[in-house]
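Chains here go by letter, A, B, C and D, matching the order in which they are written, and residues are numbered from 1 within each.
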């Protein structure tokens, strides 16, 4: 950890955004230069009741409609309204780690230590993180890079438990003739996303994903975020399971200050072999939240 | 209603996205041409416990942290983990109409009739809208136009109950030498947003906003969405209150298929007199939801 | 339905409590006369995350702790407190039909018609039932009668889909030498309760339960409530499935005004062959709710 | 604390129910001997949206209807049902400390120490208390004693901030010629309950209640629970505010193992001058919960 290029001192003690400091206007302009046709590709899943979740930490998503047109019209008539304006709303109960989502830097700790040297005991307050909540994350408009490790591996998808190594990443990048640049969002396609809502039991049974060394290799290249088409970015069960749990989360979030994006949808990028694109994502500013469901897009 | 340029037949029976059909690649490219420096301005509020809401339809927002680093480390140690990976999450309970948010076309009805000719009785299902839910709304990357009616009126903000008329809009547009073009997102600044979370009682007591004719004038110019720095876009209490309730919502959503964005933050645009910009917004695909909290941005 | 002894006219139009009118002080005293030793038997399950539910109508139960001792002590120290008073609370999200629970009369309709002749369209308001909510149900202190149909059948439990008939009830009552009296709460043991939280998949796959004629036979004897050790009191799949859905619910609640209690725990009554006892239940007055989790007890 | 009759060693280390050990069959029979007429008095408030709460610890109560008769009939018709069985349910989001409720012994700590010597850090788990949750509390059927300190004071209600002392309790008990016996539930009427839902701002602005010495005097007489018609049982602001916060909670729950019941409704007892009665309460077994809304009753 001490050799990490993104160690806590890089952006100063008490920093709250980590590698997002790399999101300069120049990086934004560079990202936008990837736009040619103005076509927008959606990189997110629909979020609905029954969405897959890693229990118990990721708790159930539940949505119900109410109030309704019918009820609101009845209430408004009772106070004299004549234009029958019906209003429909709903109630959503969720964790922010549902569907396609981004992890806030405060999502993960190494013991009591959070990114920036914050103490978890003093930061994780009952009604939200005092520091490192998702509201601090700036919007991302930058270059996205697709690393299709599934294709490089020769199949439609990698199996659960298959660790993605530095060599795998290098091979896929070489095939697509792309190299990572500072400020990029790296999008790793394992093919595992095909089981999201089509076979949740399998989707949750484990997953292919990067190993800890691959994570360090990626953050060392100054990407601002790493995304994948699975629940947790990292290989599950992990390489040293159960002694070592979630090492990629610990490194990316708590050490390197690099955001993690999960359950990303790259199908169209993969099919059309689009390896670089303009990537956009803006997370809701839920104060003190540990993440946020997002709808990132690629503009090509 | 029958003379409305955006009537239900314009995009065909059963259409689900209305004016969002105008969001073509060309419009996206045109929107992006407003970017010069690559600077990103955030147009949204922080969402937190105690966020203002129009009761009872807009129900409370509540967020609590849990599980925590401490608990997850304890549970993981119990199964043999040695790297003390702590995970923080939270539970959010909300309606989608909290903070800066967008209304889905199915949010509002005229009696039983929703946009596209759908029947509310057959569309408003217990677990989400069967049609016209927010998941259908495409991401918006287009030109944004600021109409600063407060400035044009000569003050810092308009008072609650002050209707914004077509003349007000025309005056403000003339001052800034901008005209609305098809595909634009129109952003109306009344100055009322200064009371969001600083004086919620006042913020909710009423608001300045557009009247029904102004709404029709705007939708007739083929904007894809109308945004404002207040709770409801339209003047409250309404011009014909209580006989006529929420006529602007009825027109924009149920007739014209034009999305409404509320509680937008335009302070920096206003201060720096930026009247046109690249506007970006991508709503989460909560299946069947009647809206979505959003974090729109301006790129300049 | 027209021959039902408990038809809507029995207690007058607009009645809200149905057979609970039978809960007179005399019936209460009679119930208390079943107490000999003062021993209390608990008739309810523990309610916890993962509780069985009939999706989608019965939505998930979710509970999380927060605020915590740790957080509240930190906040109180910050305002000068020195006695380190820690306060733990939690957040529960649920339907009232979780665990051992009682159904309010307004839980079930026959088309638009609810008990007492109320229209569902006019009664089922967005924020609660306008009539027939659980807050109207008086506390029950009366005689409880155990009908152990499983034992009468010769086994530990009946199989899913096994309808319990009038003959089954009569046989079990004869064996225990008990007859139903006005004001009784009838408790039917099928043995199916053994799968609650031990094998939820099986518990929810169907269930043994009374058929529609048995329900009519029971309500005709003026019981105030019918309880069972399963999810729905009635046999599932029903006798005429799928043409006829939930006929026992329709009869008991919407016609007869007899409350239904589900997921009751009768193990100790069964084992000790206690066929009559003092039954006590008081449902929370959640305004407009369609039921309530309860903790009924037997005093013997 | 060391002189407390109910110290942690009384019931043995690791005890989970405290003074509820006093609820023997004999105490139950003694409680039932207070029944003469079989009349039941309800001692609880209706729970509804907008219920008073001590923010932020007590979080909002929110209830919405759904699914509905209309939706469920539509879904059932789609699978072939012909009897139009409509089912209404709701969604409740709450803390257990809403309306008339009981505090679990694990609700309150003195630093890291909970009742029974448990460590809060090891007991307060993310998904519920590992020890001392409300599911451990046995049902209460015992004698209730009304102490009407408001009447003894000569008025309709005591003012907020008025501490109720041992002398106040003794005076009221002397006037009603009642003395506390082991196993009793003591019900203290301050008159403050009149502001529940009639003037919530006032109800929450402070309250009359017992001081720490009065609490110790009560627990020393072996009552099993202390109830009051206010939010917190104890005087607010407290005698030594802000240095000493919630000392009555600390003593009753964490030291003495005596349950606290809040927002009790004693109006009819007070009006009819019923000073002893059979008290019944059975809290739901929400696993690991820190309390439970309850509907206690008096049988007379």
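The rule we apply is simple: a residue touches a chain if its C-beta (ideal position, glycine included) is under 8 Å from a C-beta of that chain, and two chains touch if they have at least 3 such contacts.
It should be emphasised that the depicted structure is a prediction, and the values quoted were computed from it without experimental measurement.
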| item | value |
| --- | --- |
| Co-neighbours of chain D and chain B - touch as defined | A, C |
| Copies chain A and chain B - rotation angle from C-alpha fit, nearest 5 degrees | 180 |
| Distance from chain D to chain C - Cα centre to Cα centre, in angstrom | 24 |
| Centroid distance [mean C-alpha coordinates] between chain C and chain A, Å | 44 |
| For chain D, residues contacting two or more additional chains | 49, 56, 59, 62, 64-68, 70, 72, 91, 93, 121, 125-127 |
| Interfacial residue positions of chain D with respect to chain C in the complex | 24-29, 32, 35, 37-40, 42, 44-49, 56-59, 63-65, 67-70, 72-73, 76, 79-97, 99, 106-112, 114, 120-121, 124-129, 135, 138-139, 141, 242-247, 249-250, 280, 282-291, 293-297, 299 |
| Chain C partner contacts - residues on chain A that touch it in the complex | 49, 56, 59-60, 62, 64, 66-68, 70-72, 74, 93, 121-122, 125-127 |
| Parts of chain C lying in touch with chain B, wherever the complex brings them together | 56, 62, 64-67, 91, 93, 126-127 |
